[in-house]
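There are two complexes below, and they share chain A, which is joined by chain B in the first and by chain C in the second.
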Partner chain A sequence: MAGERAVGLVRELQRAAGGHLPPFRAEELRQALEEMRALYERNQADVSEAKAGRTDLIFLIRFRHCCLLRNQRCIVAYLYDRLLRIRALRWEYGSILPNAIQFHMSAEEVEWFNRYKKSLATYMRSVGGEEGLDLTQDIKPPKSLYIEVRCLKDYGEFEIEDGTTVLLKKNSQHFLPRWKCEQLIRQGVLEHILS
Partner chain B sequence: VRFDTYVVNTILLLFLQRVLLLVASDVDALCACKILQALFQCDHVQYTLVPVSGWQELETAFLEHKDQFKYFVLINCGANVDLLEILQPEEDTFFFVCDSHRPINVVNVYNETQIKLLVKPDDDLDVPAYDDIFRDEEEEEEESEAESDGSEPSDKRRRFEEVCFFCFSLKRNKISYYIREILFDYEQYEYHGTSSAMVMFDLAWMMSKDLNDMLWWAIVGLTDQWVQDKITQMKYVTDIGILQRHVSRHNHRNEDEENSLSIDCMRIAFEYDLRLALYQHWSLYESLCNTSYTSANLKLWSVQGQKRLQEFLADMGLPLKQVKQKFNSMDISLKENLKEMIEESASKFGMKDLRVQTFSIHFGFKNKFLASDIVYATASLMESIEKEGPETTNFIKALDSLSRGNLDKLHQGLDLAKKQLRAIQQTVASCICTNLVISQGPFLYCSLMEGTPDVRLFSKPVSLCLLSKYLLKSFVCSTKNKRCKLLPLIMAAPMDVEQGTVIMVGIPPETESSDKKNFFGRAFEKAAESTNSRTLHNHFDMSIIELKTEDRSKFLDALISLLS
Partner chain C sequence: MSEAYFPVGPGLGPEENFLSLDDILMSQEKLPGRAESSLPRLAFALGQGAAGGSGDSIPEGSKLEIPMWLAKGLHDSKRRIISVELPKIYKEAWRTVFSADANVVDLHKMGPYYYSFGSQLLNFDNPENPEIAQTILQTFISRFRRIMDSSQNAYNEDTSMLVARLDELERALFRAGQKGLNDFQCWEKGQASQITVSSLVQNYGKRKFTDMDS
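== the complex of A and B ==
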C-alpha cells in the first residue's frame, strides 16, 4: 500500500511520548524516498503517454501524485518533529547530550543540534550585560536560593565549578545552591525535598 | 568547652562553611538533626547528611568525606570515645559533638582545638580534674619511684605548664599517661545526659531562631529518652519544666479568644495524660494490654491478671465492648473525665503513676498526637524489618515522618509501632510463662531462640532494648525472689542467622530510684578480652554488643565470674 512506510515513521514518533527521541530510521526513510522516486518515474512515463492521447491514465497519474504528496507530508513531519525534540533536549540535558541519545541522531541532526547550540549561546551571551544570561537555568521560578536534595542512587563524586566535590551516595541528603543541583534533579539522580 | 557565648560564636563560624552531619540512628538524634537542618537552611549553610548506625559506618563515612569537608557535626555519637584516636583526622579538621552519651571521653573534654562539645552548662559532667589524669612521662617516672599519690603543689604547677605544652602540641601521641584508677571510676558507668534535641533547641533559642516546630522536635527528643528509660524521673520532670516555659512562650495565643490562631496552625499543649501507649490511635483495651506499665502491674500474662483487668475496667464502669473499639469511636460520655477516672481506679490496683507530664501537638481537626506516639512511630519506622533497600532507607523514612507534611509516613509508623508493641508483649508473656528469665548470680539472663515469633524484630538494638526493659519490669512484678528483683538483666537475641551472630544488651536493675547507670559496657569489653570471643562493639551505646553464637557461653561465664 503506498505511503505505508512514511506513515509508519510518523506512527513511531507518535508512540514515543514525552519528548523521547527514538533511533533515526534511515532505512525506512530510504525506502519511503525510493517509493516516491518509483511513483514519480511511473508518473513521468504516464504523463507523456497521456499527452499522446491516453486520457484514461489521468486518474492514475492524479492518484500517484496524491501518494507523492502524502509521502512528502509524512516525511517532512517526521523530520521536523525530530528536530523539535532535539531542540527540547538542549533545554533538558544541557549542551552535551548523553551518548545514548546521540546514538539515535543522524549526522545531519547532530549538525543541526550543534548549530542550534551555537545560536542559543550567542543569543544568551548578548542578553543580560557582560556575562550573558543562562536561560536554561531556573526554568521554573525558584522559591529559594538553596534547596535540600536527597540522592536516589549511588552517583559517586560530583564536582562543582568552584572545585568542591560532593560525594553522592544513595540516601544521603544535601543542602546545596539550587543551580548546582538542577542538572542532576532533571537526570533523576537527586530528588528535591520540600519540607 | 562549655556552652556559652564563646561556643555560640564558634558555631556561628561553622555557619560559613560546608558541613558534614553524621547522625546516629535513634529518635533523639533524628529530632536534633531536624532542628539543626532547619537552622542551617535558615542561614544557607551547605551541608551533607549521612546517617550512621554504628562505629564502622561512622569511620567509613569519615574516610569517604574527609577530603571534601573540614567541619563535621556528630549527633548522638562520638562523645564517649577518643575521637581523634579513632578517626585520625588532619589538624585542620573540626568536630562538633552533640551527644547525650555519658561519660564523655576525657580526651574530648580537654581538647581545646579540634573537638567542640555541645553541652548545657548545668549538665554535670563529673570529669576528673585535668591534673589528675594528664601527666608527662618524666613526672610519671618520678611518681612511680616516690609512690606517693600526689606530688608537691609547686612541682605540679611546673609540670602542668609543660604538660599543657605537650597537650596542645600537634602530635597527639605525646599526650600523657592516664591514671587508670581515676579513669576507671569515671568511665565505669554509662548513662545519658540532656537530650541532643533539647541542646539543639537551646542553640536555636540563643540565636533567636527557635520556632514552634523545633520546639516540638525537642519535646519528641526528650520523650524518646523517657520511653527508652535512659534518664531518671527527676531529670525528665526538670526538662519538661524547661520545655513547658518555651511551650507557653510559643503557644499562648489560644487563650485569647479574639486573637487565636486558625485551627490549621500547629500548636503544642501541655498534657498530664495517661501513659498508655498510642491509646488515642488504638483501642483503650489494646493499649492497656500492650503498655508495659499496666501489663506488668496487672500481670496480664497470667489468667488472674486477665481477671484483674476485667475488674479494673468494671471499676471504672467501662463496658468491654466500648473499650475494645477504636478510641475515637468510643462514646463521648465515657471519654469525658476519662483520665481522672482511670487514674483513680488505677491507684486502687497499685498503679499510682498512670499519668505522666507530656505534651501534645494539634494541627487541623483530625491531627492530634502525643509526644510518645511520635516516638513509637518514628522508632518503628527506623527499625522496620521490611527490606526496602539499604538500611539508610529506613532512617530517611523515619526522618521524613517527623515533618508534618508526611502524615502518611507517620500513620505507617503508628501501624508498625502497634505491631511492635504487640510483639513485645507477647514475647514478654511467653518468656515469663516459660521461665526463660534465669538468674545467673550477678545478673538475670534471657535468650530468645531462633524461631520465636517476631524474633527478627528484636535483632535491632532499640527494639531489643525496649523488649528487655519491658521484660525486666514484668519479671520484677512476677517474681517473689527479693534478691532477683534487684538484679540487672542481659538479653540475647539472634542477629544474623547466616553469619551466626547474636546481639546482646545489658540493662540496669529496675528500681524506684534507679539512676539509670549501666556498667555493662566495660563488663562486656573485659569479658570479650579475657575469653578472646569474636565480638563487635559496633553500637554507640556500649552496653550493646554483637558476638558469634559459638562464643556466647564462654562469654557469659566470663561475665558471671567478672561480676560476682
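== the complex of A and C ==
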C-alpha cells in the first residue's frame, strides 16, 4: 500500500515521547520521495491514456494523486515536528548541544539550529537596554540571588562573577549566584537544594 | 517546569490538522468499503492482488479495506465509485452499548482514536450521521466525569490501570489533569521555586548517554 513508508516515519516520531529526537531517517525519506516520483510518473502515463479516451482510468489517477498528497503531508509533518523538537532543545540545553543529539540531526537541521540560535541571540541583544536580556534565564521567578547547589557529576573548574573559581566535583556543595548556575541545573550537572 | 516542546495538536471536529502527527495516525485507521463499479489496475495498489481473478482490476461490488485518508480523498457525493461503510463500533448495536454504559467500554482497544475518527466519519454523507454524532458526544459526557475525577485525585499512584482503557483524546485530558495536580502539590510543598532538571535532559539521560562518569 502506498504511503506506508512515510507513515512509518511519522509513527516513529510519535512514539518518541516527550520531545525526544530520534535519528534522522535519510534513507526512509529518500525511499518515500522515490515512491512519490514513481507514482507521479505512472500517473503521467495514465493521464495521456485517459485523454485518448480511457475515462475509466480517471479514478485510478485520482487514487494515485491522493497517495501523493498523503505522502507529502506525512513528510512535511515529519520534518516540521522535528524542527519543533530541535527548537525546544535550544531552550532546554542552551546553545551547545551534546554530540549524541547532533548525531541524530541531518546537515540541514544542524544548519537550521545554528540560524535559530543566531536569530534568538540577535533578538535577545535587541531587548532590555544596553546588555540585552537573556530570555532563557529565570524561567521561574527567583527568590534570592544565591542558591545552594549540589554537584551531581564531575564538571571541572567554574568561574563565578567575582573572578574566583570553584571546583565542581561530584557530591560537593556550593553556594553560588543563581543566574550563573541555572543552566547547569537544567542540564543536570547541579541540583538545586532547598533549605 | 515549563516544557519547550509543544507538538502540533490534533484538529477538533470535522477538520483535521494538516501537520498534526496524531491526526495523521488517526487517518491511517482502516474503514470497510465497497467498490461501486469495477476499478481497473487498482487491485495491486490496494494490496488485493488477484482477489477477483480478473487480472489487476477490482470487480464491482467487492469489499475493500481502505484507510481514512484515502476514503476522504476519493469520496465524491456526485459519482459514487467507492461507498464507505461504518466500522462496527459506530453501528447501531454498539451505539446501544454506549448509551447503556459508556464507562465499561475499552476505547483504547476499540481503535485508539474513537472520538476523532468518529468525527471524521461525519464527512461521508451517511444517513446515520446525527445518531453517530449524538453517541460520540454522549459517550464523552458520561466518561468525562470519571476521567477528570481520577486525574485530579490519583497522586503518586500507578496510573497505568486508569489510562489503559482510555482513547487518545481522553489520555491527553488525563495527562493535563495529572500535570495540574502535580504542579499544585509541588507548590503546596514549597518546591515550586526549585529549579529542576529539564525533563528533556532527564529523558535523554535515561536513554543512554551523559553518564560518562558511571
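Descriptive notes on the structure:
Criterion: the second predicted complex is superposed on the first by the 189 of 195 C-alpha atoms of A that agree within 3 Å, B and C clash if a C-alpha of one lies under 4 Å from a C-alpha of the other, contacts with A are read in each partner's own complex, and residues count from 1 in each chain.
One rule holds for everything that comes next: contacts are C-beta pairs under 8 Å (C-beta built on N, C-alpha and C of every residue); 3 or more make two chains touch, one makes a residue touch a chain.
Because the structure is a prediction, the values reported are computed rather than measured.
Once the two complexes are overlaid on the shared chain, A:T164 sits against chain B while remaining clear of chain C. The partner that reaches more residues of chain A, of the two candidates chain B and chain C, is C. By the touch criterion defined above, A:Q173 lies against chain B but remains apart from chain C after alignment on the C-alpha atoms of chain A. In the superposition on chain A, A:L194 makes contact with both chain B and chain C.
Once the two complexes are laid over each other on the shared chain, residue contacts for A:G18 go to chain C alone; chain B is not touched. Of the two partner chains, neither chain B nor chain C is touched by A:A26. Legend: residue contacts after superposition of the two complexes on their common chain; A:L145 is shown touching chain B, with no touch to chain C.
Once the two complexes are overlaid on chain A, the chain A residues touched by chain B in the first and by chain C in the second are 170, 194. Taken in their complex, chain C has these residues touching chain A: 1-8, 18-22, 24-25, 28, 38-42, 45-47, 67, 69-70, 73-74, 81, 190-205, 207-210, 212-213. Of all residues in chain A, only 1-3, 7, 10-11, 13-14, 18-20, 56-57, 59-60, 62-67, 69-70, 73-74, 76-77, 80-81, 84-85, 87-93, 98, 100-101, 139-143, 147, 153-154, 170, 182, 185-188, 191-192, 194 touch chain C in the complex they form.
Note for the complex: chain B touches chain A at residues 18, 37-38, 40-41, 44-51, 64-65, 67-68, 389-390, 392-393, 395-396, 403, 405. Residues 145-146, 148, 150, 164-167, 169-177, 194-195 of chain A touch chain B in their complex.
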